[in-house]
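Per-chain residue numbering starts at 1, and chain names A, B, C and D are given in the order in which the chains are listed.
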Amino acid sequence: MDKLILRRVDQSNEEMILNFGPQHPSTHGVINFLVETDGEVLKRAIPDVGYLHRSIEKIGEIVGYPGFMPYTDRVDYVAAMFANEGYAMAVERLLKLEVPARAQWLRVIANEFCRIASHLVGVGTMTMDIGAFTPFLHGVREREVINDLIEALCGARMTYNYHRIGGVAFDLPEGWRDKALAFLDHFDKFLGEFDRLISFNEIFVKRLANVAVIPGPMAVNYGLVGPNLRGSGVDWDVRRDMPYGAYPNFKFDVPIGKGFFGTTGDCFDRYYVRCLEMAQSSRIIRQALETLPEGEISAKVPRNIKPEAGEALARVESARGEMAYYVVSDGTNKAYRVRVRTGSFSAMCIIEDVSRGLMVADLVALISSLDVIAPEIDR
Amino acid sequence: MNSKTQDLCAGSGKTARGVVLATLAVGFGLPLVLLAAVLLLSPLSKPAMLMAALGAAGVNVSGWSVTGQYVAWIVAIAVLALILLSFGAVISGMTVWWEMRVSSRMQSRVGYNRVGAAGFFQWIADAVKLLLKEDLVPADADALLFRAAPYFVLTGFGLVFVALPFGESLIAADMNVGIFYITAVTALIVVGILIAGWSSNSKWALFGGMRSAAQVISYEIPSGLAAMVPVMMSGTLSMQGIIRSQGAWPWEWHAFTNPFALAAFAIFFVAQLAEGNRTPFDLPEAESELVAGYLSEYSSFRFALFFLVEFGNLWVMSAIAVTLFFGGWQVPFVGPEAFAAARGVGDLPGAAWWGLQILSMLVFVAKTLVVLNVVVWVRWTLPRIRVDQMMTLCWKYLVPIAFVVFVATLLWQMLIARLPVSATVSGAVMFAAAVVTALLFFRQTRQNISAVGDRVDFTNW
Amino acid sequence: MTTQEIHERLKARFGEDVGPLSEPKADAFCVVKADRIVEVCRFLATEPGLEFDFLEDLTAVDWPKRSVIEIVYHLLSYRHHHTFVLKVEADRAAPVVPTAEGVWKGANWFEREVYDLFGVTFTGHPDLRRLMLPDDWVGHPLRKDYQEAGGWHGISNVRENPLVELKRLDDARRAEAAAKAAPPTGTEAAPKA
Amino acid sequence: MPQSVREYTGAIRDTVKSFWHGLSITLSYLARRPTTVQYPDRTPLPVRDMLPPRYRGFLEVDNTICTGCQACERACPIGCIQITLEKDPTNPKQRLVAQFDIDESRCMFCGLCVEPCPTGAIQHTREFEGTHRYIRNLVFRWADPMNPFPVYKVDKTAEYFPRAPLGSLVRQRLETLAWDRPAPEFLPPEPPKPAAAKPAPALKAAPAPTAAAPAAKPAAAAPAAAEAPKAPAANPESK
């Protein structure tokens, strides 16, 4: 079986061709890079994806509209809440459904908790890939509290299936609000300690500053989104610039990369933007918990959902950038076509061009700074 | 796991009394027995003392020819070497256990607590597990070299114990080239790692081997230079000599009696971290980049040997640092004349002498444990350095500063060390500065706890 | 700028190559001829008032009844915060569309995915290979008439549904229990069971 | 690249300052309480009770209040619930549920089946410890095909449906099952129907019949009553 991918690698005997993956401690899931290295320096890293392809989009056409909701959790299981909301919003736009205010607030609270949990994992695995194991465990310890809170809210720790078309599945259990506020008070102090432990550590900074710099226009041209885009200095956040749901009611600022310790758009900027975003998310949750309105938690939705023929695209600011659901319906109770656009997909296609001339250790830093998750790429 | 076992949740996991006693017995008994053996045999390993001991034991030694005596001496040395090596293995096993306990606390985990009290037998369980695993040799690896590599590394580690000064006269061979011999012998370890990297026929191992070669060889230079500073201060290369030239009290240690010696210790410490492949220099077996570096193809017993040497090196590293800079086995209030008095006349020394030897050994072991804990602590805090940064750190920072410190100590010895008060003044000043820094550090640590709203809580060990 | 104004500017610039704006059943779109798609994209990306510098999504929808495969381009402008949807209809038998990789580098992997799952070849694409599936996979899964291959290189992924088996097991046992219970009452009717 | 002296000493100063903070933080963790929950045997109370009430564990069906409406079967995206109803021979108006199986090994615990249930017969419990050697043991059978249970008539006035304490039925089932109990024997599958469309030309991998359990195994020890019925010794030889 002539591997087409090998034909692209010129067989000069100088370089060593290395399979960096698919089972490799720092590829964040099952991704393979065919790496041509000359000693420590890379000539090129060609990504070879598809190991986790479950064709979720084909499943979307088989199970009915409500039945697809649990599958959206499996697209990005580290930040599953955003996938739920994206799909729910797309179908609501098709049905021209008005989601009640309380449901919008609950969605924001659940999303922002999930963003903190996802960033804790992203930031934690990055420190582990650079070599410091302890911060990862501190991050996961804080994430455990969030998992318990969301488990009390919707019954599951990672694949939540909390949103429904037209609203949310459950209301806040009693006593949840105080536990959440208590956690947020502790979490804001923890962020300061985390920064002092690892973010400003000289070795950590030297390993990430000025490494794999992605300038702003290149990031936009390649379609980078989310913290990767903001790390390159482009001031764009779907929650603020194309507002949806209850986000216009909350004040929060969008951290962008300013070349904290090196040039704008290097690995450290992408890393530190995630740290600042976590602080903003806890600020949003506090405002949302204070101004939570009374009312229904779901709109009236017919048991058998049959939207009229048409198509709709809904975009959501997920932890890994803008996640868009494009749903085409043909009037039956099954979606005709469901398309999921994810942040990691575009982050992957930039790796090949940015990785020229990096060292092996920097390729690891680049992959973890883009916070790439395998199921999001292959779906 | 049906739910029956769920209901037996014993309160807070009190381990049975028998297990605690067994652990304490093994935990303290095993090293003490080995140390006692080292204690007993090392003085006897001198030919004169051996013959006296045999004579006292009733064997009429006088009839033996010179070669006979020589053979007896060789047997004594071989037994002593075997005991020293097993002492090294037991110590590295305990270092594994200690490091896992300390690192888990630092990561707010619980760590080993199931096998024996506080999980002390875990390292024995690991060793047995590694022995039982299958011994793989990769397909077209260089079989001979692949099998030989661990033994290179083991000899490099074992030979160092010959020159380690455990006590006042507890040293296998008090060579007058002590520190020079140790620096030379530890080079064998890098040969072993290189062979392991090359012969495993895997690209990751090759990477690991090359990185280790670059790292360990280039860090020999700052380590050697920094080791020269105490040698100049004490005027001799022999390990016992260096210790004897230091006093028992901290302000008499080499580290403090010369203002530049603390910088020399820092350089020596960093360079030894690099030579022991410890974080932040664990590039040769970087988990996140090279899967397991030169160790990727090794399994079971060979892997256990590499593992033993890696943790044994911790002990060797801190022992040398303590000998050179922190006054080795010097016991406060007990000067050399006390040892001579306790020695008494006659061939075999009196009981008091043995007691003093044990005391000096305990002081040496305590100081080594302190430095060892710093190495463990550094490992679980700092990230890993990149290959080119590692070289820059060595050639642009450590080597120049080592030269400066070397020349400064030279001038200090020639000009200022003449008048004896300078040593005590510098010692007192430097020691006071060290104490103040330590206090500031502990205040900062207390603030860290209250800053996050936690409170000091030593339960759930 | 609203979608109508964008459409007018397109109409003004490209005339009949740009189809009418569909009425917004949730999202309005306009169909563009396949051979002019690259100029339209470059125009939308570089025109001062439009500046669609972000290709949000490039995907395809298979319409077997109209025997056409629609390539859908979702564009978004960071400066003006407006969006636009372009569609290109390619013949289902041999879909060929020029690549938009020249305008947005992000299109590279989108087009490889559409080639892999729909079979649309993009002329001028630097590295048109299958993205998700193995290189020697046969067929394009997201087409409506795709036949499940049941496995790959002898590795079968077909598994009997245990519930269906249980159902057959029950029927067998109940039939047999019924047969055993029936004979004592029906012995006089038919001696043979 | 030439480094100015300020850069050189600056790098050393930053290193010392950042190590000072980093090391003091890790040292401070030595004096704090670790957060490990030592499942399974050293937890303050059994983990089942530590879980929140909405936890989505194994599904449990209470036959007494099941109306046989098959809403849960339709709602399940994977199709791992299978219900068959039949007429009651004695009185024609009463319907019986002959088969109510949930394949817990394929269930993804999404909770979509619990919502449409009118009487709350099917619920998620807080049971999760269901390790078995044979995956077919995880097919829970809530109706005994030999004596199907009558369908529950919902009277409009009742707003509370009496049901067994949540989790009791599942736990009773899990505890009677030894974790390595042999799987129930299934009939060998029917020969695959001639594939409707010709499989893709290049690939001739016709779906090989799954390895059927040996048909003629003698009946295993009599399982507990509500258990999967054993294949009778003389089941049809279809090999």
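In the analysis below, a contact is a pair of C-beta atoms (placed from the backbone, for glycine too) under 8 Å apart; a residue touches a chain by one contact, two chains touch by 3 or more.
Keep in mind that what you see is a predicted model, and the values were worked out from it rather than measured.
Distances from each chain's CA mean to the overall CA mean are smallest for chain A.
Chain centre most remote from that of chain B: C (centre = mean of CA atoms). Remark: among chain pairs C-D and B-D, B-D carries the greater number of C-beta contacts. Computed from the mean C-alpha positions, the centre of chain C lies at a distance of 32 Å from the centre of chain D. Centre-to-centre spacing of chain B and chain D amounts to 53 Å, using the average Cα coordinate of each chain.
Averaged Cα coordinates give chain A a centre that lies 23 Å from the centre of chain C.
Put simply, the C-alpha centre of chain B and that of chain C have 64 angstrom between them. Under the contact definition stated at the top, the residues of chain B that touch 2 or more other chains are 106-109, 380-382, 448. Across the assembly, chain A contributes 134, 141, 193, 197-198, 201, 203 as residues in contact with two or more other chains. The multi-chain contact residues of chain C, meaning those touching 2 or more other chains, do not exist; every residue touches at most one other chain.
Of all possible chain pairings, those that touch are A-B, A-C, A-D, B-D, C-D. Of all residues in chain B, only 1-10, 12-13, 102, 104-111, 377-378, 380-382, 396-397, 441, 444-446, 448-449, 454, 456-460 touch chain D in the complex they form.
Residues 3, 12, 19-36, 38, 40-48, 127, 129, 131, 171, 174-175, 177-179 of chain D are the ones that touch chain B when the two sit in their complex. Chain D meets chain C in the complex at residues 79-80, 82, 84, 98-99, 101, 103, 136, 139, 141, 145-146, 184, 186-187, 189-190, 197, 199-200, 202-203, 205-208, 210, 228-229, 231-232, 235-236. Partner chain A is touched in their complex by these residues of chain B: 103, 106-109, 203, 207, 210, 279-280, 282, 286-291, 380-389, 448, 451-453.
Within the complex formed with chain D, the residues of chain C that make contact are 138-139, 147, 149-154, 156, 158-170, 172-174, 176-177.
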